[in-house]
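Some notes on the structure that comes next.
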Amino acid sequence: MAAHKGYFGEFGGQFLPEILHATITGLEQVFETAKHDPGFWKEYETLMQNYSCRPTPLTFAENLTKYFNGAQIWVKREDLNHTGSHKLNNVMGQGLLVKRMKKTRVIAETGAGQHGVATATMAAKFGFECTIYMGEVDVLRQRPNVFWMERLGATVVPVKTGSRILKDAINEALRDWVGNMDTTHYVLGTACGAHPFPEMVTWFQSIVGIETKKQILEATGKLPDRVYACVGGGSNAMGIFSGFLKDTAVECVGIEAGGRGIATGEHATRLASPDASIGVSQGYKTFFLQDDDGQMKETHSVAAGLDYVGVSPILSHLKETGRVRFESATDAEVITALSLAVKKEGLIPALESSHAFAGAFREVSQMAPEQIIIINQSGRGDKDIFTIADALHDPKWRDYIKDKAGEYNAS
Amino acid sequence: MLRDYIEKKRVEKKILIMTHIVIGAPDLETSYQTVKAMVEAGVDIMELQIPFSEPVADGPVILAANQTALDRKVTVGQCIDFAERVAKEFPVPFLFMSYYNIVFKYGVNKFAEMMSAKGLKGAIVPDLPHEEAAQYLAAMKKYHLDPIFLYAPTTSDSRMKEISSHASGFIYCVARKGVTGVDTSFSSDLDEYLQRAHTSTDLPLALGFGVQEKADVDFLKGKADIAIIGTQSLRVLAEKGVAGVKKFIAGMQ
Amino acid sequence: MAAHKGYFGEFGGQFLPEILHATITGLEQVFETAKHDPGFWKEYETLMQNYSCRPTPLTFAENLTKYFNGAQIWVKREDLNHTGSHKLNNVMGQGLLVKRMKKTRVIAETGAGQHGVATATMAAKFGFECTIYMGEVDVLRQRPNVFWMERLGATVVPVKTGSRILKDAINEALRDWVGNMDTTHYVLGTACGAHPFPEMVTWFQSIVGIETKKQILEATGKLPDRVYACVGGGSNAMGIFSGFLKDTAVECVGIEAGGRGIATGEHATRLASPDASIGVSQGYKTFFLQDDDGQMKETHSVAAGLDYVGVSPILSHLKETGRVRFESATDAEVITALSLAVKKEGLIPALESSHAFAGAFREVSQMAPEQIIIINQSGRGDKDIFTIADALHDPKWRDYIKDKAGEYNAS
Amino acid sequence: MLRDYIEKKRVEKKILIMTHIVIGAPDLETSYQTVKAMVEAGVDIMELQIPFSEPVADGPVILAANQTALDRKVTVGQCIDFAERVAKEFPVPFLFMSYYNIVFKYGVNKFAEMMSAKGLKGAIVPDLPHEEAAQYLAAMKKYHLDPIFLYAPTTSDSRMKEISSHASGFIYCVARKGVTGVDTSFSSDLDEYLQRAHTSTDLPLALGFGVQEKADVDFLKGKADIAIIGTQSLRVLAEKGVAGVKKFIAGMQ
């Protein structure tokens, strides 16, 4: 194997315990074969058409465009995927590979719960056993998703180690995998981790970028000037950016979680802040939010799906080459952007996706009317109702929950 | 270097014992007393784990120890001071064990230089396969330190040879799939695996993951050169304190 | 005007206060014009493609098919619409008519809240003012939908009269309309009410049937043997049935809410039980669940969207002619069917839609492998989490709600 | 028939008063006392509303009265008995007012037959436009009852004529958009509307919706033949009881 297998500039690699070597090599091989088999992509596309609703639309946001009076705003509607986010793209793709590998069990980590629900859904559809690792903190804040995972037949394991969030769930999933790799595939949820995950997840998510490029050309005859996506692990961003990376006139902008503000230290901004540094963890080399000793820091975001210490090595590389610009948006900005998208367009972006909206809203007024921007709405916000209601301090919601609890206490 | 030490010791002893502690768990003083007790109980080599926030290859017990140490704000600097002290005071070879990020953040070359200066003999970095290890290997070599690499039951014969070509000191044979701290069945499968390992390398073999009692150590006699006792001594420490550990290790001989 | 305007057999008509005559006539006219303008349908289709994700897929339910070992089971995926149900089809169509009528405000009734969310979404998208009437009981049991309606900028009015459910919300919306018809369009949510609503709503929903017919022919080369849909007011049923009514070999089966069982009287089965009789209310003539005096009865269903005393006059007619067969499914059967669909296919049907699944599951085993059935999954069940969690007595959900309430009480 | 009655009465009185009650709200006895009081206060015609569960054209006050009556399990049968009693006892014409479903469920022909037998003079069914009323019209005719139809400000001139051609007794002119029980501004718009109404029909005109005080009634003199007091007398009943209603209605004359 070449020395630079799975590297993007200096990022990426395959830093795994020896026990997983054979497994990951097997995965590399099945992925390589699939990648070079046009029939596989066709099978994948057909599956996504028939089970999810690909191609998802590209919606012109007329009211927001008027409101900001700058560039034309288009929205890629990954929220319309089955299970409500782009996460399904990756998961169904990996599901097809699992079938090829003849494994019978899948495991996954999840933060926001979207990837967990998507994986549990895929497992139900393909008839795999399924275990989902989820940080205990996330189990608590994302209970509706846990409920659905369980209904879908998955076992949800609350991870009580570390900071009890996404990174700890990844560790726990890796621990499971190390013990059960004969039967089990680890369905990583984002474009991170050891090779071939970053490349493989990006490949499945590139369906977003391929569609978007075709759609914007059909609708406007032009390429967009800018494409915005939120960046957790980086899969939705890589998915949509993929369609445009070769078109150097298209600026790609990744929006990270600014949390309570970069200055407070309570955020998850790896690429758009100086707070992260290069490290190696969870199987790959990238920018991590870590201390000087190399211990990972606690991160914060109102969006559970962005609350992660690392970031796709491909994005780290694209940051270093300057091909992608990174910005961050604070929790408060995100809530404002979400409210505006809801009111003006009837769109309900997930809190994660609302970061992309917030980033775009900040800049779009300074652009010219003939310019075009695309925002990737990676998911829908229904799932975030508990968080959003809290962020907005909705008193009626509180009363509702109190009443429900009263009923439960009484019965 | 370690290999000579092991081979010499093996002339007297059918099997050597390597033990493991997480520095700073439950606290630095207990760690020190544990090392002392283990050495007094006749341990032959010791692994000193620098705690890391993401110890993916470790099971619940060692994982918890890593967290305890970090919760108590044990720093890499303190771990180095600790290692220096025990390496000076006790006559057994000490290895650092940690994850690659600790080494990487410290600076790979600087880390090797530091180990050499502090009297450590080598390092085990379970998430650093040799393919990713060029810089590390060069640094270890430069400072005459042993980079310990791991074999797993899933490692093919040819890959064992490849790994062996980069390793020195000894080979750490992981007994089975899974993380540390889970039962291993000491069976004929294990025999066969160790047989394959022997054929692939002329380095001494250490076997770890799941060695819990004297019977396990006895089983390994003639099959491996070193029995590695990891999780179980942490369990004993938690339940019976330093004196208990001493008795436990002594009982393994 | 002809004597039988808006009649389907003996059902339908236009029983409205005189004050609405001019308004409803205006609506009739704009609808007639649109119906005969091929450009309008094209505009509608394009809107639904770009804003929702039409055509929605027709998914082959391979695992359920194997499980029941009878006919092939296909599922029409209206759950993938924006806002999560077929309700958006109707609402966006009416939105286009509102634009043509140059009105600036819309009102609607809602039971499950789906139609309310859909209408509020349409209003946000088109820039209309919006008021939603919702029975107080439904406000309480469908709080998440109320939350989103409010975020979308709608005013939600809890209706405290009558049984405080869907029929009362319709009455209250009519009262509003009677006072504000110059500026206001009443966006009725189902194929009920005074002419032209039944026909108009059916027309917009026929997009479902048109797509389904094309899709099943493309996928199998055959027409289905049976098509199942749940029946609340009847819009999703009329939508999918529309595609097949002329194909007399295709049996159409409507599944009503059997509630706690027909025998208990606590249900909402108008056509499949002898409990209903013909009456005239809420603007039209159809089968109603009413007492001998003509007072409407209280109805019950686990699915708020099926909990309605009347039913589309078109369906009443199709029942009388025998073209559509009607059955009912109890709350308990529906929960079982829902769980099965979730586990086997990773589909999460709404409680309403789960009635169609329950009806189909009851019969499919007796059919032959070469036969084909289609189930209309009118919406997704995420919105029903509170109800479903209660129905399943999920203890973790209860704990979660209690903890949340504890937080709210503390702050 | 009603028309003759109205025209005769109008010779003595500048404007007649029609009042409205919901049978059984708050209870049957109070309804009876209210009718009695109203007749004693000089009312000229009375509308007796049979409560219905879905009274779409009624505003909050009458809606609540409908519900109260139904909550007390007032049946259509009881309403008929009630109407029979008051029609016998009191010398003013009584009309039934209800929604079409009550009539329809009873049987349209049977309903008319019953009305005739019980001494009622006609009916107001606000959700039954003449287009849907063929059977009802035939039955009313057969039993010499007056089917009262409504005009609204939004009714076109030609439609007024059409409605008039089916109506008898008088025309019920709804004063404004909206349901019962909301303020109406008695203004020149109303003048114009009543003017249009007069031109369209030679039936007497009654104006309802929002007549609340003597000034309103005075305003209508010379413009309409009948002032309809609906919601306001229910409000007064609730606040001041039967005696209050009597005083209120007397004060309108």
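Labels A, B, C and D are assigned to the chains in the order they are written; within every chain, residues are numbered from 1.
Quick note on the criterion: a contact is a pair of C-beta atoms (placed from the backbone, for glycine too) under 8 Å apart; a residue touches a chain by one contact, two chains touch by 3 or more.
Remember, it's a predicted structure, so these values are computed and weren't measured experimentally.
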| item | value |
| --- | --- |
| Shortest path length from chain B to chain C (each step joins two touching chains) | 2 |
| Rounded Å distance, chain A centre to chain C centre (Cα mean) | 33 |
| Averaged-CA centre spacing for the pair chain B and chain A, given as whole angstrom | 37 |
| Separation of chain B from chain D, taking each centre as the mean of its C-alpha atoms, in whole Å | 97 |
| Touching two or more other chains - residue numbers and ranges from chain C | none |
| Numbers and ranges of chain B residues touching at least 2 other chains | none |
| Overall pattern in which the protein chains touch one another (line/ring/star/complete/other) | line |
| Pairwise chain contacts under the document criterion | A-B, A-C, C-D |
| Interfacial residue positions of chain A with respect to chain C in the complex | 49-53, 56-60, 63, 77, 79-84, 120-125, 127, 140, 143-144, 146-148, 150-153, 339, 342-346, 348, 382-383, 385-386, 388-389, 392, 394, 396-398, 400-406, 408-409 |
| Partner chain D, residues of chain C touching it in the complex | 1, 3, 5, 13-19, 21-23, 161-162, 167, 171, 174-175, 178-182, 277, 279-283, 288, 290, 292-296 |
| Chain A contact footprint on chain B (complex, rising order) | 52-57, 59-60, 63-64, 67, 70, 75-77, 99-102, 104-106, 126-129, 131-132, 134, 149-156, 159, 163, 174, 177-179, 182 |
